[in-house]
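For reference, the structures are reproduced in the following blocks.
In the two assemblies presented below, chain A is common to both, partnered first by chain B and then by chain C.
Showing the complex of A and B:
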């Protein structure tokens, strides 16, 4: 088969590739060792956090530092409910709980602009940590709690499900009216309002949608933590990592944050195991290099390569034929 | 018929009365001009009509219906569209997508994606930018950006269009083209209320003109009446101006 013809069906190619990945992931526990199941679960978790963060903050430009807050609330909901109810119910409750929390917070904070919004969302994280610590000590009687166990496979499959749901939601929102509305808010919020967009509603609603996935991811991660206290559950790392990963991957394209999260999480894992003493240093240098030399992130790099490489010539020729055929 | 009426419209910024007890009206189908020195309150009045600023004192009615307390997106959906002094565009979006935003959200009932796309394409053609539809707006010249803004406002299917200094920064040829565009919009049946400093445009196109100074209305009438008004000449036009020339 002529390779140009293969590239002519680029949409088919992309769909086929995605199906292959999905098959690989769903069958992974059959042959991958339990260690790699944990690694993959972590990578999927970062993809969920990053894509759901980029879902809202990408187009609107409102920099949220709340992911760790929703993730932590999800962990707590999962830990408390998961002990008595089926795992899936606990995960759904984690998502729903964070949706409601984000609606309430959004109604108050999304009137804030720029840096003030970022600071408030970060403050929320601090606030929730202290509140829950207070409640744990005064009501529970101890500062932490042990979490019910769950099999690694079950956690993996549910995380995979959440990840697929996150990606589908992000994809369809991006292409929908809501996506257009968010983009115009990011472009010029005042003009967006005068074009008939209820900016407050759009912002609050999408902020809350993105929180669903963060909360669900937290709820399913609870069992693998074994023991939690507020400082473990509300770790600011989970607020900054999604931002870094999205920037690392590049926010211009849909697949940027996905790629960023996957590569970033995997590299981090490798470095930490291979070079436990230099990992922070190495990682920091990689990050700085990416930000200085690849302002468009990994996506920018791919696009640059596409311009020069043979594969892009084939790809574009395929595209032309596709146009010619239609 | 009066499409827009304001009674006792007042807005204070701290101790400063930006707009002070202004009564005005715009008739259906006319081109109404709003002039005055810098800081007279022209844009503030537009901001009050379009709800960019909340109207706390006085009353504004559109087609007999009170606009007080509505949000900007509701005003737009009622049929009052606007452009901005300077421009407020979605800089990174292509031209057509800018206009698509207006077409998708500007009406009270939800429009289908196909209808919105058709409306946007029509508005784009109407302002003569069809060839630039895929270019990001930030890469356009000022005059094309302004046309994009007009098309975006038209795509919301307004009955009244507020134009805030459409001609500012344009060269004489572009001013003539913009005047022609505004006339064509009026001919479509859309009422126009415009703030403008370009006298040639104001005097040549407006049926009536209203003059603001320090937030107060100091004159209102036909271009001839305004050009002959002693107070207006003293404050704004200056002795040497011969209107319409």
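Showing the complex of A and C:
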């Protein structure tokens, strides 16, 4: 059978496919128009935010609404440092800054259970927005700031690098002891603690790791925003969208959040400017439909389809054999 | 002066938060779309008053039941099916929070399509009243009175009536309450609907004393969250009193440094979650 032989080489196929995508992406600025470079950068940014959100919140079930906070801190670090230092240094500083911030936040908040953690991270986002606005006006003397310019290609390549790093980290964490520990925390935290998992340490560590990528993505997005103020940098959309994209894509499989982010970032880029209200309205409806009818997201749907097709195939074969016997 | 203006804003905060507290405390939905129901209540009343020319009090008699119905139906359809299918209570809460996000996007954008983002207001009881050497408009004082009456009436409903007793039983333990003959499939949607009703009432009070627009919802969701945490998640009297406390804190900070009101709210909020997640009046369950 051809199909079984194909499946034996499945890993090889996946790797080849990934290499093809990577080649396509790295050579893209050579032939893609400047508009499509911006579109791809946005898609990559949402993939980074969504995958790094799902890295922590997916297996543990702790719903973080902090992505916009880390993203915003990254934007500010990038905007301030990038004006004087090379772009890559600013990006690294953005990631490091958010790592430290997340470590501190994690240490005080991750003892909170479930819903309290969600609303705390939400409050944190609001608090950071307001306090940075206050500092900007009372110490900087003006609200908002203009960001240094950078070439779209440079931004694209660095974003691509961050995206690859995010995906690799997410993949390896998922397959490591850390990933298993997180899953058992999500299953039953008390039981996990009894099994000898230092639950607080696992949670704080992965929360901080996921923040690195959000901060780095923010730092590299700063130049393309041209002008920032706290309400732009800490826009709540950056917290909501990753959650919705991950749920839409489905968190059961590694590629779910990637799929959700890619689909939504592309449609957002195209539809949001033309029909902002209709777009967000449909978005809400889709979200509710997915939660109610498709708890596994797109990935769940794909698996369900595969299963039913396989089952119907077996079923039909069984019937044929019955016919042959009689 | 500080105390009175604190009471005035606090009364609306109290009403806003009682609704959210009911929805979370009993129906277990942390309704991030709560502020959108407030906005809907405010704008429906505005439309009825401006386009049909009817009295605001009559308008709220239409918008209140309407919002109750919407809330009731939403719970019966979306949240009930989430509740029946999810494997654990924590999963129900997480999924409900996500569904509430969806509602937030839907309601806000329907309102934006319908009313646009302009600020609206209508004239109602605008004469000035002097209290303790400061001028207040009559409509704000009436709003305070209505909020207090509504809050007390609601509290009495919960503590003295049979449906109120059923609601309190369901809040403690839905499964046992169900075994004791409380119709859970009726009580939980009722709570969600009542939360939406209270939001609509708060929206009406806002519309008669300030300007309202389609984007105001999230602000009140956040305030309601802060108050509910302040009073203890799920404690109804706690959120009523918490509303007034937040109103007074707000007007004290406002007196010294107006730009720091929101940071002060959020700082208070985060400190409370960290130090006393059960709230000032709640009993710690951990």
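Definition applied: the second predicted complex is superposed on the first by the 280 of 326 C-alpha atoms of A that agree within 3 Å, B and C clash if a C-alpha of one lies under 4 Å from a C-alpha of the other, contacts with A are read in each partner's own complex, and residues count from 1 in each chain.
Assume a contact is a pair of C-beta atoms (placed from the backbone, for glycine too) under 8 Å apart; a residue touches a chain by one contact, two chains touch by 3 or more.
What you are looking at is a predicted structure, and each value in this text was computed from that prediction instead of being measured.
Peer 1: A:140 in the overlay: touching chain B, chain C, both, or neither? Say first, second, both or neither.
Peer 2: neither
Peer 1: Count the residues of chain A touched by chain B and by chain C, then name the partner with the higher count.
Peer 2: C
Peer 1: Please work out whether A:199 is in contact with chain B alone, chain C alone, both, or neither, and reply first, second, both or neither.
Peer 2: first
Peer 1: Could you look at A:292 and tell me whether it touches chain B, chain C, both or neither (first, second, both, neither)?
Peer 2: A:292: touches chain C, not chain B.
Peer 1: Please work out whether A:16 is in contact with chain B alone, chain C alone, both, or neither, and reply first, second, both or neither.
Peer 2: Neither partner.
Peer 1: For A:108, is the partner it touches chain B (first), chain C (second), both, or none of the two (neither)?
Peer 2: After superposing on A, A:108 lies in contact with chain C but is clear of chain B.
Peer 1: Determine, under the contact definition given at the top, whether A:184 touches first (chain B), second (chain C), both, or neither.
Peer 2: Only chain B; A:184 stays clear of chain C.
Peer 1: Using the superposition on chain A described above, determine whether A:33 touches chain B (first), chain C (second), both, or neither.
Peer 2: In the superposition, A:33 touches no partner, neither chain B nor chain C.
Peer 1: In the superposed view, which residues of chain A touch chain B and also chain C?
Peer 2: In the superposed arrangement, which is not itself an observed complex, chain A uses no residue for both chain B and chain C.
Peer 1: How about chain A: which of its residues touch chain C in the complex?
Peer 2: 61, 63, 108-109, 112-116, 118-120, 122-124, 126-127, 130-131, 133-134, 137-138, 236, 240, 243-244, 247, 277-278, 280-281, 283-288, 291-292, 295
Peer 1: Provide the residue numbers of chain A that touch chain B in the complex, in ascending order.
Peer 2: 177, 180-181, 183-184, 187-188, 190-199
Peer 1: Note which residues of chain B are touching chain A in the complex, please.
Peer 2: The touching residues are 50, 52, 71-73, 75-77, 81-82, 84, 88-93, 97, 100-102, 104-107, 113, 152-153, 156.
Peer 1: For the complex, which residues does chain C have touching chain A?
Peer 2: 30, 78, 81-82, 85, 90-91, 93-95, 97-99, 101-106, 108-110, 112-113, 218, 222, 225-226, 229, 233, 259-260, 262-263, 266-267, 269-270, 273-274, 277, 286
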